[in-house]
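Below are two complexes that have subunit A in common, paired first with subunit B and then with subunit C.
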Partner chain A sequence: MSHRQDITCLLQGHSFIELSARERAHSLLDAGSSRELAGPFDRQYSPWLSAQGIVAQADDGVVICKGLLDGQPAVVAAIEGGFQGGSLGEVGGAKLACALELAAADNRQSIPTRAVILFETGGVRLQEANLGLAAIAEIHSAIADLSRYQPVVGIIAGTVGCFGGMSIAAGMCSYLIVTREARLGLNGPQVIEQEAGMAEYDSRNRPFIWSLTGGEQRQACGLADALVEDDTPLIRQQLLDFIACGLPAEPRHRRSQHMLQRLLTMDSTTQADAASARQLFQSGARP
Partner chain B sequence: MSQASISQRGRDWFHALCGQASLQQGLPPSLLVADGELAGQPARYVAVVADPENPFVRARHGEVGLLEGWALAATIDAAVDADQQHAHKRAIVAIIDVPSQAYGRREEAYGIHQALAAAAAAYARARLAGHPVIGLIVGKAMSGAFLAHGYQANRLLALNDAGVMVHAMGKQAAARITLRTVEELEKLAASIAPMAYDIASYASLGLLWRLLKAEQPDQPTPADVQLVHTALTEALRDIQADPQPDLRQRLHGEHRQATRQVRALLQQQWTQNGG
Partner chain C sequence: MEKLHLEYPAGAPATQRVLVGVVASGDLEILITPAPAGRCHITIHSAADGSATRWRAQLERLFADGKAAAMQMEINDFAATPGVISLRLAQALEELSA
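Take a look at the complex of A and B:
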């Protein structure tokens, strides 16, 4: 493609990453069907941030939209990476957990509500530490409950990525969609460097970090199901395709015997890299 | 860099509570699992302990790492599968003394988040299938380690002791990430209940079903073991009398008012306008 064509392509594209959490949620639900719950005009501020000199936000960084997906009832929970690093505190965490619980309750009353989670989060909001952690445990519980009835689809688009307790939530989802910009990992690079030293994990070495935790690598390892371009219609189509698949035959988190055997028989003395990770996962189908 | 000291509490309480029951074979040495009983009913006791020979070097101080996450999932899933046809599901008692998840390059590369997700999902599945799941915090219950081992329990109990701590991140790392000094962090923790590191502040959040005062948390006396045993029995009865297998029992804390408010609002708006 010529330079001019590149620019035309860029201008005509519909980036998902460039959208706010609220725009992302609206863009995925069927046109005209989206309705925000406990939104900013309901003014549900974090009760803990202002006491620490931090400006709170009226939606606490979590957007819950109810509507339709392909004509079926759905809820989209979108985390706003631009507010406090997408961290989950008491209010945002409660919104997310409660929305998933209500979707599960719908299913017990024969309303087939499905859920989509847009992860853009560093995990627990440390300014609300234990209440963030508790809410994340409740989110885990709700995903486990709801995913018995309907697929729960996670999307990590970037640029914040998905870390901490919320990476565990991502690992519990029925399907996971990522872009190349996405990162997925338990511990953020700075925390690993702080705990284990720079030789173990250099938080400034971005190519190294993406090579281990980037969307492309995670999909190649089977830790995500689809790698898509940063394009809203493509992401939406992939989401609809996964929902149409129904529940996965064997969720990723149910392969414990297989993964345990693989890890016990691998060479753990050599330091890991992208190739050794792909080898671990590919030598026995997806984890 | 921080170096974790090795705690023996998890191991000691595990052996004190399950007595003569034999250890399950075929698991990594960092996972202790035994089928014993509680109040005359079958119960599986599970503890994550330090293995100085752990093949993954960043998980040698009792951290929940790759092997521990997947092994927890395997042992919990096995109990659920074995009891699938039984009306009476065995109880699962998680003995919690976990300093942290494992922080390392191998861990991230090989998907530690997925290992911990497997463990959390297995515990949640057990609870939803009707297994009474009890979490007993005897030492540290930190962050991802606690999410993977115990936080999915129907009821959480903790020893009321300075060595017992629940938190999202150690002080040094939390200070770095929030751009504060450790002193500033400690000062804030004194007035912001969810940021505090002590178990009494944690109890004010309403997440614990019961706080227990043992005489010697490090070397439990027969009276200590009796006290905990009685509390576990009461927790088991409380769970079995509760028709709900979810976590709603945790929502009543003094410092969870905002949680209740936003949940009530969301519930009310959920069904408005024809859904």
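Take a look at the complex of A and C:
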């Protein structure tokens, strides 16, 4: 693609990554159907941040929107990566868990509410410690519960990515959509560098980091279901396609055997790299 | 963290709520809700200590003439620069009058 075409593409495109969490949630739901629950004007601030001298955000960084997806009831939970690294504390975590729990309750009353989670998060908010961890555990339970009735679709667009306990939540989704800019990992690069040393894992080497934890690699390794361009209509279409597929034959969180088998065959005497990781996860019988 | 409360004379009540911005690094969020006619109440939580003089100067330029709509304005600032603050304030007031 020529430089001029690149620029035209950029100017005409509808980037999803450039949207705020609130804009992302509204852009996915059917036009005019979206309404926000427990929004910023309800002023449910984190009670813990200001006590620690940190400026809080009126929605605690989590946006919950109820509406329709392709005419069917849906709830979208979007995490704002810009606020405190998208970390989940007591309030934001409770909002997300409660949205999923209410969607499951809807399904038990024959209302087929499905859920979409927009992950842009470093995981638990360290300033809220155990309360954040408890909230993330509630989110895991709620995904397991709701995904018995309806697909729970996760989207990691970037640029924050999805780490920590919330990477487990992403791994529990019925379907996971990523972009090339997305990253998915249990530990963030700096944490791994601290443990393994810079010689093995240089957190400032961006091509290296993305080659191992980036969206393209994760999709190639089977840890994400679709790799999509950073384009709002394309991401929305992929979301609708997955919802139309209905529930997967077996929920993702029950498909761990394949991965465990692959890990058991791994040769840990040589340093793993992007290519060998792909080869490892692509070999053997697929679930 | 610094907390400031400023008041200015104002006109008729604002007619809608407005939210702009995010409490991201170098950015801020502004929430506007209508208030009884005649007063603007502005509350600022700022991560930038020692920024009170600058906040007064910036808000004075916008509100001192008493022509703004009466509102409660809440600003949560994560150390935005004066340039970003001006843009966000302009965006918020533009959306309020839209």
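By our rule, the second predicted complex is superposed on the first by the 275 of 287 C-alpha atoms of A that agree within 3 Å, B and C clash if a C-alpha of one lies under 4 Å from a C-alpha of the other, contacts with A are read in each partner's own complex, and residues count from 1 in each chain.
One rule holds in what follows: a residue touches a chain if its C-beta (ideal position, glycine included) is under 8 Å from a C-beta of that chain, and two chains touch if they have at least 3 such contacts.
The model shown is predicted, which means the values in this text are computed figures rather than measured ones.
Undergrad: Could you tell me if A:A277 is touching subunit B, subunit C, both of them or neither one (first, second, both, neither)?
TA: Only subunit B is touched by A:A277; subunit C is not.
Undergrad: Which holds for A:D6: it touches subunit B only (first), subunit C only (second), both, or neither?
TA: neither
Undergrad: Check the contacts made with subunit A and report whether subunit B or subunit C touches more of its residues.
TA: B
Undergrad: In the superposed arrangement, does A:S50 touch subunit B (first), subunit C (second), both or neither?
TA: Touch partner of A:S50: subunit C, not subunit B.
Undergrad: Counting only touches as set out at the top, which of subunit B and subunit C does A:L212 meet: first, second, both, neither?
TA: first
Undergrad: Applying the document's definition of touch, where does A:L186 land relative to subunit B and subunit C: first, second, both, or neither?
TA: A:L186 sits against subunit B, while subunit C stays out of touch.
Undergrad: Could you look at A:P40 and tell me whether it touches subunit B, subunit C, both or neither (first, second, both, neither)?
TA: second
Undergrad: First (subunit B), second (subunit C), both or neither: which does A:Q194 touch?
TA: First partner only, subunit B.
Undergrad: Quick check for you: in the superposed arrangement, does A:M259 touch first (subunit B), second (subunit C), both or neither?
TA: Touch partner of A:M259: subunit B, not subunit C.
Undergrad: Name, in rising order, each residue of subunit C that touches subunit A in their complex.
TA: 1, 17, 19, 22-25, 27, 29, 31, 33, 45-47, 74, 76-78
Undergrad: Please output the residues of subunit A touching subunit C within their complex, sorted ascending.
TA: The contact residues of subunit A facing subunit C are 20, 40-41, 43, 50, 53-58, 61, 80, 82-84.
Undergrad: Spell out the residues on subunit A that touch subunit B in their complex, using ranges where they run on.
TA: 35, 37-38, 42, 44, 46-48, 51-52, 64, 66, 73, 90-91, 94-95, 98-99, 101-102, 111, 123-124, 126-138, 140-141, 144-145, 148, 164-165, 167-172, 184-188, 190-192, 194-197, 200-201, 212-213, 221, 223, 251-257, 259-260, 263-264, 268-269, 271-274, 276-277, 280-281, 287
Undergrad: Sort out for me which residues of subunit B touch subunit A in the complex.
TA: 1-2, 28, 55-58, 66-67, 70-71, 73-74, 77, 100-101, 103-118, 120-122, 124-125, 127-128, 143-144, 146-148, 151-152, 166-170, 172-174, 176-178, 188, 191-196, 202, 205, 207, 246-247, 250, 255-259, 261-263, 265-267, 269-270, 273, 275
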